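The structure appears right after this line, and notes come after that.
The first chain written gets the first letter, and so on, giving A, B, C, D, E and F; residue counts start at 1 in each chain.
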Amino acid sequence: MNKLNDIFDTVQQRNTHEKEYLQTLKSIIDSLKVMEDDINDSVFKRLCVPERIIIFSVPWLDDKGNTHVNQGYRVQHNSALGPYKGGLRFHPKVSLSALKALALEQTLKNSLTGLSLGGAKGGSDFDPKNKSQNEIMRFCQSFMNELYRHIGPTTDIPAGDMGVGNREIGYLFGQYKRLTNTFTGTLTGKDLSIGGSILRPEATGFGLLYFVEEMLKHHNLSITDKSVIISGSGNVALGAATKTNQLGAKVVAMSDSDGVIYDPQGLDIVTLSQIKFKNRLRIKEYLMHFPQATYLDNPKDIWNLKCDIALACATE
Amino acid sequence: MNKLNDIFDTVQQRNTHEKEYLQTLKSIIDSLKVMEDDINDSVFKRLCVPERIIIFSVPWLDDKGNTHVNQGYRVQHNSALGPYKGGLRFHPKVSLSALKALALEQTLKNSLTGLSLGGAKGGSDFDPKNKSQNEIMRFCQSFMNELYRHIGPTTDIPAGDMGVGNREIGYLFGQYKRLTNTFTGTLTGKDLSIGGSILRPEATGFGLLYFVEEMLKHHNLSITDKSVIISGSGNVALGAATKTNQLGAKVVAMSDSDGVIYDPQGLDIVTLSQIKFKNRLRIKEYLMHFPQATYLDNPKDIWNLKCDIALACATE
Amino acid sequence: MNKLNDIFDTVQQRNTHEKEYLQTLKSIIDSLKVMEDDINDSVFKRLCVPERIIIFSVPWLDDKGNTHVNQGYRVQHNSALGPYKGGLRFHPKVSLSALKALALEQTLKNSLTGLSLGGAKGGSDFDPKNKSQNEIMRFCQSFMNELYRHIGPTTDIPAGDMGVGNREIGYLFGQYKRLTNTFTGTLTGKDLSIGGSILRPEATGFGLLYFVEEMLKHHNLSITDKSVIISGSGNVALGAATKTNQLGAKVVAMSDSDGVIYDPQGLDIVTLSQIKFKNRLRIKEYLMHFPQATYLDNPKDIWNLKCDIALACATE
Amino acid sequence: MNKLNDIFDTVQQRNTHEKEYLQTLKSIIDSLKVMEDDINDSVFKRLCVPERIIIFSVPWLDDKGNTHVNQGYRVQHNSALGPYKGGLRFHPKVSLSALKALALEQTLKNSLTGLSLGGAKGGSDFDPKNKSQNEIMRFCQSFMNELYRHIGPTTDIPAGDMGVGNREIGYLFGQYKRLTNTFTGTLTGKDLSIGGSILRPEATGFGLLYFVEEMLKHHNLSITDKSVIISGSGNVALGAATKTNQLGAKVVAMSDSDGVIYDPQGLDIVTLSQIKFKNRLRIKEYLMHFPQATYLDNPKDIWNLKCDIALACATE
Amino acid sequence: MNKLNDIFDTVQQRNTHEKEYLQTLKSIIDSLKVMEDDINDSVFKRLCVPERIIIFSVPWLDDKGNTHVNQGYRVQHNSALGPYKGGLRFHPKVSLSALKALALEQTLKNSLTGLSLGGAKGGSDFDPKNKSQNEIMRFCQSFMNELYRHIGPTTDIPAGDMGVGNREIGYLFGQYKRLTNTFTGTLTGKDLSIGGSILRPEATGFGLLYFVEEMLKHHNLSITDKSVIISGSGNVALGAATKTNQLGAKVVAMSDSDGVIYDPQGLDIVTLSQIKFKNRLRIKEYLMHFPQATYLDNPKDIWNLKCDIALACATE
Amino acid sequence: MNKLNDIFDTVQQRNTHEKEYLQTLKSIIDSLKVMEDDINDSVFKRLCVPERIIIFSVPWLDDKGNTHVNQGYRVQHNSALGPYKGGLRFHPKVSLSALKALALEQTLKNSLTGLSLGGAKGGSDFDPKNKSQNEIMRFCQSFMNELYRHIGPTTDIPAGDMGVGNREIGYLFGQYKRLTNTFTGTLTGKDLSIGGSILRPEATGFGLLYFVEEMLKHHNLSITDKSVIISGSGNVALGAATKTNQLGAKVVAMSDSDGVIYDPQGLDIVTLSQIKFKNRLRIKEYLMHFPQATYLDNPKDIWNLKCDIALACATE
């Protein structure tokens, strides 16, 4: 009866300070309680300890010539079903505990896809905000100078995540290709121009809208002409917004970490996409093109706006 | 003026919970304050972040066929001066923070030897106490199944440390040799029968006594016929005891984690060495051979005994 | 005229004692006599000498802690058409001569599939009978500690064979994956749960029945309702039995190395499969579930039973 | 405005003597002038410098035992879109400049296929004419003794070209396979018997005729019954001739470096293919089989013959 | 009789434009004429063709963020006697022909040392003049991103040469160490602080003075109190100047590519060394410290000055 | 008591036909009987099974262009004390059994040297007699095309043996160097001109004479002026003969497999060495230079000649 709790206790003693990881593991164990008797504890013990973690220093020069040293991480959680697979995140709050939690979830998520893939997660506490393109390039190259020896098409296949988009994957892949002298599918999320696949960034947002559409159908409702608010304006939010339009509904509000834009007649998603992805500006810029839209300078106010459907697509 | 403190603050924010590591780093920084102006902060930043850390799961079977999963570690701290070099420790209290602190110290210690060596430390939270020889062999082989890809004669050269003696180095080297199909100096501390060097285990204890002898000389005193108590009965303590005798003094008390043996006429160190190293028994066993000795069942009582010189040689 | 005989004589002088190999080679040469003039002897000479053979010691511990040392083999016969491919056999009668004969046959068989595959065979004189699961696991891991450097997805792709089923392939693949840090298709025959393909073990038996059905059709006969005896109760025999039922016939007798079970009303193949594959028991166990069946304690008596069709599916 | 010219000038200063390369680069730059403003000069600069060139000595023995030392080359021009890919040419006029020009063109050509392939070219100044089969085999093996470390299925995938046909690819692949102990798709152009693909050698000639057919259609003309002269008698020329016949036209003249065969009734292409590919003889041999044909001993006279369509398919 | 000339002709036809290489080879062949009969032409042919040349693109960013693409070279001339060994030169006039000539000479020079070393030479047309420290660091790292796969302690051991001093070797070695994760003797000329050997940069200049001293002795002369002029102010010149002083003579004039400093009382070599090596300034700076010295702004005027001994130590 | 016999029985059952190996093992076991109780059977079992054996095909072309396929062997017997080390033998009687016996002896012999070396042996059934220099070169290169992946300076270090002298080691090392692109001490026995050590071939013969001298001294005898006959004329025999002269004695007879030369005044060993090593002729040639010598055409007749000391130095 206490088999799973015992395993949890052992992990907890070893990693007292890793709150995110312990919380994730606890919730998994709680959900498994109903089938505790069927669980092979020899196997379950292995699922609780990441197979391999690499933590490495990433020295880089800013444009003024000052040295910085960040920490890079790769948590290779489990490869029972296939090569490690999971995103790279560049964000100042990245920590070992958070990455371990995400890598554990990735193992479980990937196992549900039916593909032969294990789980991993990685990244750095490097903050890409307010960095020049050359600084980001130099950081990515220095990061890959170490990571390249731990990944490969049958070993570990990183993808992008927060702070790591097409551009960063391009810099990472370029250095990987140069150092290994091979052109392989070791990194996913590449730009179309260097061999990436079509449509991937929008996939999560699109999936969300398909799910919404199916839910409405289930209740004999249609999505047509519904007004939708979508928090966020990243890949997920803009993908959701694009599909919302394609399905005949309209997006009336979106947000970023500075504020909210709102137009009850519907926002122009193509323009907004250019603002965010091509020009890399803040959402407020939208008012330069569509002065009739309203701007609220508290992102949380999006939830006070009127709508038929509200979708949370911002980063936690 | 605050250059070093700023660097410390950055490290602290990133590793809030790593007490041992922060404490070690702080004491280094404090001792450098007097020469703060001469320190190149670009170089010092790199010294504060280990170049690479590998954490890995070590699954093994006990003699009853139960699965256990421990964590293995290798902190490769700095290679500016040569390949990484430092001990492996098997002890239940091994943690990432403690190993980072020890690895940082190792980098500084090795740089003082004048040899071309960097600094490292590693090990596992595996507890070798009460394990059979076969269990220890299986653990060592499983540990090396991962470690082998991170070490090598020009990359990283582990040695023994607490819980890792000649026997364990032998199991580790055997598996390393089998997996890499090479016979190299990648592990130090091997038994004489498989190519180890003479005298190494006693070196620390011998060095301590040479130091004591020099201190006494400095005060115009001689070590001859002095009565010495030495806490502990491991490599360091027994090395110190052996050299004490060779220098003409006598050891009147030694201890292990259970108790103390005491004989004002002097202990027989050869017999005691056999008890500890060959038979792997507790120190109390000494009374079976020398009934005239006294046994105290609190190790700390050693400090109440009368002597000329008292040497602390037990593990902290 | 004597070109092929000359080549055979050279091989024979070099391997006087390898009876199985010489016999296999002789029968191939005899069948080629009719086209001797068309044979390029420069190429044929190469077919008679395996490209590479690796023989290695496999030390392992039994559950009592005793050391055993078996011999492992891999005969990489010919790679003219693709990477080496062929099974691993764990059986006390495994010898270099027998494996060379099987590897030569494998090269010829694989060339007929039209796939890009060369031929190989391997295994050990290790006897898996009466070994515990942990002993088998330890042997497989030790076996792979050497084999891993000689195989790979474009080099040599072992499969199972006698004594090497899903379980053993799982242990072998697990160690291969751990040592190489890659997840590849280097071993075939994996369990479904770790990425194996569906149906493979039954394939040989199914093929046999399709062949029988075609033969009967050729003589204007039908397999429906025919009574069939099948010697053996391994993968081939039980595959054949399963397909026999599916085609509308009934299996009246099967055997293992201890004896025969017989039921003129037809055996229950699902139950028998569970006895053999899941519970790993002897065929006699069948009577516990179906007391009406008869048991004969000489395996050869199966050939005295009455039937319409008799199929030999036991190991030679 | 002068961006591209500036880049050209830099390249020219560095490689004054490489006429073929400078001429090819100049013609590319000229054709890009119309869009000069849209060109990213940071990217274009990289296109003008081959990523890697390897030049190596190839020592070999002729049948009399004399040593010869040729130079081997591999120009790995650009891998932005995929692994390097391009032919190997054995011809006494092979030079670094010519190979650089061809490799640059290959990068552009491969980018138009839509496949994920970079560009390369290589070969040697070895002259395969008048060499015995064993001399060619020894040269190919020696050539591969160095090249093998620079190629691979995800690194660089050579193919045949002038002087390197099925036979030479077979020798090269055999040595590559032996040295790397892998069977991979690292060389294309293999014979069918060792895993090559069907039809490849004729592809260029076939494509030419499809192109001719489309041009005629565009002018409302038909190729049927047209008389065609085709200069050359290599892979391209004979492929073109074969397809000419299949489309209902007839080939009235072909040539090699010695002379021309001419028959206004149409040449027998099957016979001619055997003469060139199987027997490796001169085109004049055709008259032994078809005495009614005419032979002209100046290859250039082919352009004086009467025809409806003239196709230049000889090597420049 | 014409054996060597024939070999030269073959090389000349293949490399018509490589003037430096042909000139060097010609002078070697001329000096061998007297022993032509004893030369094994099979071996000599191999000496005339470098075993391997690698030419590679080196993209790097200047401090303004502009991309530049230089060419890197490594000529691995001959390894008959040991691993390739020879310097790296960064200079705008570096060309394939010049490096081939230097590499050939290196093979011959190294063979005379009695050490087990082959010959090589390499570098780039990168001009280190007027580059910032960070630009030089980035160039060195990019250069090594390719070179690292072609060198190693038993393969090829580069050293510094013109434009590649302690600082550049440090950047190159740092990147090599990071990419290969090994600390080996693959590059020579490292700074003392990262494991270099003592005294090396002065060695050539010291050797020159020992030679001068021996010549004078041979004529019963002494070097004491002689006045010496030394053209140049690099490693060789300053080494010569230092030893001149140590032997009791005085240096009255030295030069750089801008001009000459002259002081008949003798120059202060310690000060001059600091100006050139620590501050990296022009020689004219010397007058700021010693106003009594004279400055001539044509470097060639050094040869018009009065002296006992004149030594040419500037780069050609 | 029967521990060792039991181990022998197991080995015998597995290798019934390997007479040489079983005989060697038996004699070792017999000599160990006196200390049977002290032997760790777990360790001894491992000594009886070679750690790894590689058998491979060696295809090569003779000067007429005919294909031959020999078998190559490398028995890597034991590496407990260091990398495998032992000779390569090219002789038609080479067999797996004989090489296993020699490799086992090599392990024991090397362990007595006090050096850190394991034991190995290898070679081929190729017969170097009557082969041209080019045939031997081609065979050696083909042999190394496979062997190179199994040896290395810390893995296995082959040396010469019967049929493998300086010349063959040169061909083998040349191909090893070319394929691995490293210059290392992987093969011993190289010619002085490519880095070999001085004196090695004579060492065995010299050692024999030192031993003889000591034996004589032990009996108060001197070797001066003694007449010595030495069977054989290979490295051992001629080394013994050279040292015989140096110690003041004279060699009166030597032999090869054709016959004996005899001169009671003493043979000229310098001349004889040139005949055998430089001109590679039969011993009978000696009479062309010294007609006063006698020739006996039965090698065994050497034992009938008169002498003070008789030394058997021919191959068994």
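Just so it is clear, a contact is a pair of C-beta atoms (placed from the backbone, for glycine too) under 8 Å apart; a residue touches a chain by one contact, two chains touch by 3 or more.
All values derive from a computational prediction rather than experimental measurement.
With steps allowed only between chains in touch, the distance from subunit C over to subunit E comes to 2. Rounded to a multiple of 5, the Cα-based rotation taking subunit B onto subunit D is 180 degrees. Ranked by distance of CA centroids from subunit A, the top chain is F. Rounded to whole angstrom, the centroid-to-centroid distance between subunit A and subunit C, based on C-alpha atoms, equals 48 Å. Rounded to whole angstrom units, the spacing between the C-alpha centres of subunit B and subunit C is 53. Rounded to whole angstrom units, the spacing between the C-alpha centres of subunit A and subunit B is 43.
Counting partners per residue, subunit C has 146, 181 as the residues that reach two or more other chains. Every pair of chains in contact is given here: A-B, A-C, A-D, A-E, B-C, B-E, B-F, C-D, C-F, D-E, D-F, E-F. If you check the complex, the residues on subunit D that touch subunit C are 177, 181-184, 194-195. Considering their complex, residues 79-83, 116, 118, 152, 154-155 of subunit C touch subunit D. Residues of subunit F that touch subunit C in their complex: 14, 16-17, 41-42, 45-46, 48-57, 59, 66-69, 71, 125, 146. Interface residues of subunit A facing subunit E in the complex, by the touch rule stated above, are 61, 65, 132, 134, 145-146, 149, 175, 178-179, 181.
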